[in-house]
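Step one of this worksheet: look at the structure below.
The letters A, B, C, D and E name the chains in turn, as written, and every chain counts its residues from 1.
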Amino acid sequence: MTSPLFPRIDAAAMASLLPFLVFVVGGLLVLLVDALAGKRRLPWAWIAAPVPVVALLAAAVRLGAVSGLTPRPTAFGGQFVEDAFGLYVTVVIALATLSAVVLSDVFLRRMDRYRGDYFALLLFSAGGMCLFSSSTELLSLFLGLELLSIPVYILSGFFRRSLESVEAAMKYFLLGAFSSALFLLGGALVYAGTGSTDLAVALRGGFQPGASGLVLAGGLLLLTGFLFKTAAVPFHMWTPDVYEGAPTAVTAFMAAAVKAAAFGALARALVVAGPSGVPTAAAGFLWWVAVLTMTVGNLAALGQQNIKRMLAYSSIAHAGYMMVGLAVFAATGARELLAAVLFYLLGYALMNLGAFAVVILWGGEKEEHLEISDLAGMGWKSPTAAVALALFMISLAGIPPTGGFFGKYLLFRGAVTQGFVPLVVIAVLNSAVSVYYYFRVLVALYMRPATRPMEYAPSVAAGAVIALCALGVLVLGILPDGLVPGMPSSLIGLVREAVAAVR
Amino acid sequence: MTQSTILSLVVFLPLLAGLALLLVPRQRVVFCRWWTLAAMTAGLVASGAALSMMQKGAAGMQLVHRVPWIPSMGIDYFLGVDGISIYLVLLTSLLGPIVVLSAWRSIGEKVREFHFLLLLLQAGILGAFLSLDLFLFYMFWELMLIPMYLLIGVWGGPRRVYAAIKFVLYTIVGSLLMLVAILYLYFAHHAQTGMYTFDLLRLYGTELTGPQQVWLFAAFALAFAIKAPVFPLHTWLPDAHVEAPTAGSVVLAGVLLKLGTYGFLRFALPLFPSAAHAAQPLFLVLAVIGIVYGALVAMVQTDIKKLVAYSSVSHLGYCVLGLFAFNISGFSGSLFQMISHGLSTGALFLLVGMIYDRRHTREIADFGGLAQAVPWFAATFVFVTLSSIGLPGLNGFVGEFLVLVGAFGANRIAAAAATTGVVLGAVYMLWLVKRFLFGPLVHEENRMMSDLNGREVLLLLPILLFIVYLGVHPGPFLRRMEPSLHATLTLSTPGPGRVETLRMLQLSTGSLRGSGTGWKAGAEGATAPRGASVPLLPATAPEFTAVVPAPGVMDQVLTVTASAFAVSASAVGNGVAR
Amino acid sequence: MEPWVEWTIMGGRAAVAWVIPLMLIPLLVWMERKASAYIQDRTGPNRAAILGLRFGGIIHALADVVKLIFKEDITPARARPFWYNLAPIVAMTFALLTFAALPFADVLRVGGHEIPLQALRLNPGLLWMLAIGSFGVFGIVFAGWGSNSSYPLLGGIRGSAQMISYELSLGLSVVGILMIFSTIDLNEIVRAQGKLLFGFLPMWGVVVQPVAAVIFMAAALAEANRNPFDLMEADSEIVAFHLEYSSLRFALFMMTEYVHITVASGLTVTLFFGGWQIPWLTTERLTGSAGDLALAVPALLVVLGLLVLLSLVLLAPTRRWHRTLQRLYVDARRHEAKFWTVVLLLQAIGALALGAYLFLNPPGADGLAAITAALQFVSFMVKVTFFGFAFIWVRWTLPRFRYDQLMALGWKGMLPLALANVVVTGFVLLLVGK
Amino acid sequence: MNAILFWSCAVVAVTAALFVISRRSPLASAVALAVNMVALAALFAGLSAPFLFIIQLLVYAGAVVVFIVFVIMLLNLGEEETRGALVSRGKLLASALACCLGLALLLRAVAAGTPREAAGALPADFGGIESIGQEIFTRWLLPFEVTGLILLVGIVGAVVLAKRGE
Amino acid sequence: MAPVGMPHLLGLAGVLFFIGVLGMLTRRNALTVFMGLELQLNAVNLVLVTAARHWHNLDGQVLAFFVIAVAAVEVAVGLSILIAVQRVRDTVNVDDLSALSE
């Protein structure tokens, strides 16, 4: 039946949306079950957990389907681009979502706020991330941004009896909404200057000599919007408060997934704008953003006592390292840097999820213990998890043989190739500073006497997340190229292919 | 190419043993100790085997094990050994079981973890000594950091956390900058040859402009100078030594510091010869300051361990001095000094640890007259002290003397200034002996102390034997290291000789074929056939075979000429002490 | 057309749209009083008179006006004067503005010109109704806020929550109509309702969208804050949002309520009951532009005749009633039937006279158009008045909801029902292949 | 567009906007916001966007502001008025400066030249409900569905955050 | 009066946007901050509609439509958060929210 109402939906377009659809439909189903269940308490996490798994599989299947395909399949008039790049980011998002779902199971049960709508919101947000990182069209980008952000605002305030939680939600909401307004103004100006909402058309054409100043202003505002989501200095102010106040499982989700989506989208936008689409001013701006982000994040993290807050500042710092990649890419157009950013994203997601998983596991019943000093002696009381946490900290600090190190190596390697040695030196000095506060966790774990008992039972699910993250971090660090040399599925090969696929 | 897996065995034996240890229930304390001792001993045997498998008189890399690891980046798993590294490997392996034995009683809690970390540390150190791929080297270099950090931080003294963090921060600042430099070198090499590789032997051939060399050398030198430690960067060392448990101190002083000087010898000097030569005056001055300053500060210490730690600063100064003499005497003296310092200072720390286990204090003022209570201990202590001072006939003398000879060849003033360090060394050590062992037995509790037991004798004995053996008969050692040192010296000297030497070295490992390719052509790199002949010293290069004329004669000359000097120095020291 | 004519016509349209709801106020007040009286079996007001003429009690409306104007105007000391004074004005203004988009007859085509018979000829007229209608909340909110007193504030919150909640059902129920008629131009919607279903049934909204009609009317009741949804002025339970008001400002609120009724009836009629349509007689047929010119005048006569018949039918019970009244009561109610008789007779005579006149002097095309418009206007007004009465009828018949029942009905009952209606309508439309 | 319409709407809109951010009473701000929105709606009508004109009235002025007003009443925010609702003078000055700077940059970008207007007459029914509907349900179908999702998320969020009980 | 074109309209939008920004920056009452946000979104819509008219291209109007919808959601969520805050803390003053400050 060809109805005029549904003119452009065909199987191919739907297939290209597959991971997005899985998330969204999964979220709707969870919501439906929630509505039908009434006041009954169902194992929500196990209802929701298959969704990211299926999305992961879908992304993997599609990754196989699109690899090497030209022209890239696009759906809905180019608003949604399906390529290896987007699917790779989707994989990261799906992994993060899966972990967040599993961790939330432990966390919400302990905090006695185990509800179905929470998981639906998580899945919706993941869907928004898929859209956000796979779109080159202003409206889809904006809607993806909103679909990604609004559930996270809500989830931040999910513990509505807790002052910290609602305060975090309020701060995140205000600044997030402000940033989307800036993003939107940027988009509107770009559209006003060029008459097109397609980033490729608008930005590529818009920076030709003699083009309107509107596009430049708009482009910078768009960039600002992206920088807010990536928590880059000077748009990072919300991060510590929100990370600290939000429920820990949500913080983990934010740190891993939101960051991945934001960097994915920003990287794609920079590619699509093309070397001519990024004016020198913007590239220079990014240079400074990278430097400031690293430095401010690391210096501020030094004094933190609360582990969530410390990880928040650390996430700012890591955004800075990734921004190094983007800044160099913006200045030179070397895609190698983007591959490094993609690699880093996965490693970063794994180590953060793992770290937050341990924090949740040790958080305690009803009341969380989140000071770094609360970890005292855990190394001997709960050695396995402590080793994992230590591994994540070492990885965050960028010490081999971990994914964190190899990611940094790739970034620095790329930047050095392009002659950005001062930038790399600054980054390296920052890494050295960061060792101090990451190792403080090790100090607490192993070198201080225990101060509190651990009477709650460990969780198998959270343990599995921790184990997988730890394994992933090690594999990324030791065998980034796969076990067999030249294996087509090697991660480095994959990210390179993904980056090459962006048009 | 015939690959040899013996080096991988040397490196991974401790690592695998350590991982296996984690599966043991933590209550099985005794088993952990025996297991570790067995693993360390096996490692020592493996190192010995490696030594025996080596071709004598060859300058190039031997027993190469090379497997592509991250081919898309041109990174190989690439181990090899030559006359330089084999002794450091042997030293490390020798100290392994000794360290385990030393911790037999003193480590009572978290035993399994302690031994796991020891094994991990061992693997890291050995790997760093044996890596010929810069990336792999960096991995092992950093891998040592964590176990050492935890050894100090968990089992250390009262200020252990401070000391541990200080140690890590110092090291990491240097090593991260080195990473940048490695990357830069990697790309400079790529720019010249179109090939991405971390193969050290290929990177030796990279031609760099003056400023490039200076910057890269600075980055490498910073990392190694911190580790060594060279004078203004040494401040982490006393803290780390004092707070570390005995086993940690022994490893730290015995082996870890040598990584710094080894790094200079293997990487910083041959990679950037012009810059290294330009920096020669600076490093000579720093080395001399380190020698004198270390000695002077050691003199005023009240804590025995701290005193020994500062003496390390002084002794490592000789190593650096020898390296920057840029002649074969300096180089071989430096390497010899590394080994002998590892033995004698290791032994000193062991002895201090033993006394600490008994009395739980290290203040010199708490002792005195120990010779009456524990005569065997006292005798051993005096013996080791003499070795450390550089008494002719013992190991310390050979290294110091060769270094000074080399330094005279390079810069007379520096050499003369460094000589005062010898005197000062005698002064503080002998003064220590006097206050520590002799005089009236003031503190009654010292009278009740037990003397060395069987285990302690067992662990000290090999060191003492080597102290004597190296001192009396250094020839074979020197002969073995000579060719490699000479090759390194040629590489470290800007000039036409480099190319030929380099070619020889590259031939020895098959590096000429290349392994990594990198970004654009990962696939070809991965499938490229690799292999080369067994590394042999080409017969056409006789200049690498025998450099030291008639080693036996040399020994005697040295012994005789220096004896008088040393005895007088000891006399002066005793006079000061009184 | 001359500009001044244009402006005049525009002004006229606006005036009509303004005057209708205002003029209906006294009528509705009177109906409210009388209907409630009859439902409760009492007389209702009937004492006020001018020169002895009581007009069935309708004079009371006038008396009320006079009273309210001359009452002392009190502004409470704690009130926030700005909001307090603004509230009734806002309420009345938006209520009146809403009515502006309703068509009270088809577009009048005279002399080659088209004169839309609605104050605001808007393409998205329906959305205008919804948009401006939602502004009505402001009046209540300002009143509650401006009074700065607990009970008015509570009334205001309840009222605004209720209006926000029911606006959803109201809007959604309309969607079905939009889908079926494929337009949101109100006049077009009404025109579309002139068609016949199965050849005989007028395609009124209520026929094609019965569920929507029910939802809409219920929601309209709630929007107008009429019983059973009059929680915010539920005098027996809490005190109303206009508690602190007196005199003319209070009068404005009362008038606004009746304007709301008019608007709600007008919209109900327009969307679901054929608006100005006279059943089976479309504009084309009446003006003869459909091709069967001959039909126009006889049709007119039929209509007029029907009116007469209606009057007579209505008269019969009035007579019986009159007799009953005479027997039962000794008060003024016994005279009321006389009044009604007179009214209906006059109506019938007028209609017949007009019919006869038209038969004797057949009008031209323009005249026919004008007459058509007039008839449609009458049809519209009759329907509106009837639904106005229905509102009153409901008020005095049904008990009031409790607040939670009200919210539950709105969110859990009507909203899903309205959604389901939209879905079902969509499927039906797909099946029908429209 | 019509200059009279523009200037009158502009004056009203800016004045109302200034009222929004300067009134102490949140209710006054809300009403000023409504006025601002109505002025913009009028501008939309003048810019050939009849559908948006009505949507602006319906959603913004009719729903958004009403909702804001409702919350003001619900939370009974009257007491807040008396306290200083403004920040310190220094911050105010700095913020104003920053905004002026931003505005100046933007205006400069605008003044640097705008592209030439598209040639030809506007298509018939430009901005009418049918043309917009055509666009939304064909080319912009995906965004439309996503918007639906966002609305759903908003509903769930409101329940999660603000529902009483439990 | 000078002819009114895109620069005028964009200028007006800019003024409104930055008035909104100023409101967000200077007001402490969260509700007023929300309203500043709404002003910004409105200004963006003005830009979009202006540009749509300028390019004879409906995309801008469609965008504005979606922006309006999303703005409604933002308000709903924001006000819900506000209500939650008020229940816990009894204030809507942004500066009073200091549980998370260092």
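One rule holds in what follows: a contact is a pair of C-beta atoms (placed from the backbone, for glycine too) under 8 Å apart; a residue touches a chain by one contact, two chains touch by 3 or more.
This is a predicted model, so every value here is computed, not measured.
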Both-way neighbours, i.e. chains that touch chain D and touch chain B: A
D-E or C-D, whichever has more C-beta pairs in contact: D-E
Of all other chains, the one whose Cα centre sits farthest from chain B: C
Most centrally placed chain, judged by C-alpha centres: A
Length of the line joining the C-alpha centres of chain A and chain C, rounded to whole Å: 57
Mean-CA-position distance for chain E and chain D (Å): 6
Between chain C and chain D, centroid-to-centroid distance (C-alpha), Å: 33
Chain A and chain E: spacing of chain centres that average the CA atoms, whole Å: 26
Junction residues of chain A, two or more chains touched: 139, 143, 146, 150, 153-154, 157, 160, 166, 169, 189, 192, 195, 214
Numbers and ranges of chain E residues touching at least 2 other chains: 6, 10, 17, 20-21, 50, 54-55, 57, 59, 62, 66, 70, 73-74, 77, 80-82, 84
Contacts with two or more other chains, residues of chain C listed in rising order: none
Pairs of chains found to touch, sorted by chain label: A-B, A-D, A-E, C-D, D-E
Chain A partner contacts - residues on chain B that touch it in the complex: 68-73, 110, 113, 138-139, 142-143, 145-146, 149-150, 153-154, 160-161, 164-165, 168-169, 172-173, 176-177, 179-180, 183-184, 186-187, 190, 519, 522-523, 526-527
List of chain D residues in touch with chain A within their complex: 105-106, 108-110, 112-115, 118, 137-143, 146-147, 149-150, 152-154, 156-157, 159-161
Footprint of chain D on chain A - complex, ascending: 5-9, 17, 24, 28, 31, 75-77, 79-80, 115, 117-118, 120-121, 124, 127-128, 131, 139-140, 143-144, 146-147, 150-151, 153-154, 157-158, 160, 166, 169, 189, 192-195, 212-214, 216-217
Chain E-facing residues of chain A, complex: 138-139, 142-143, 146, 150, 153-154, 157, 160-164, 166-171, 173-174, 177-178, 180-181, 184-185, 187-189, 191-192, 195-197, 214, 240-241, 244-245
Chain D residues within the chain E interface of the complex: 1-4, 6-7, 10, 13-14, 17-18, 20-21, 23, 26, 29-30, 33, 36-37, 40, 43-44, 47-49, 51-52, 55-56, 59-60, 63-64, 67-68, 71-72, 74-75, 77, 80, 83, 85-87, 91-92, 95-96, 98-100, 102-103, 106-107, 110-111, 114-115, 117-118, 120, 122-123, 126-127, 131-132, 135-136, 140, 143-144, 147, 150-151, 153-155, 157-158, 160-162
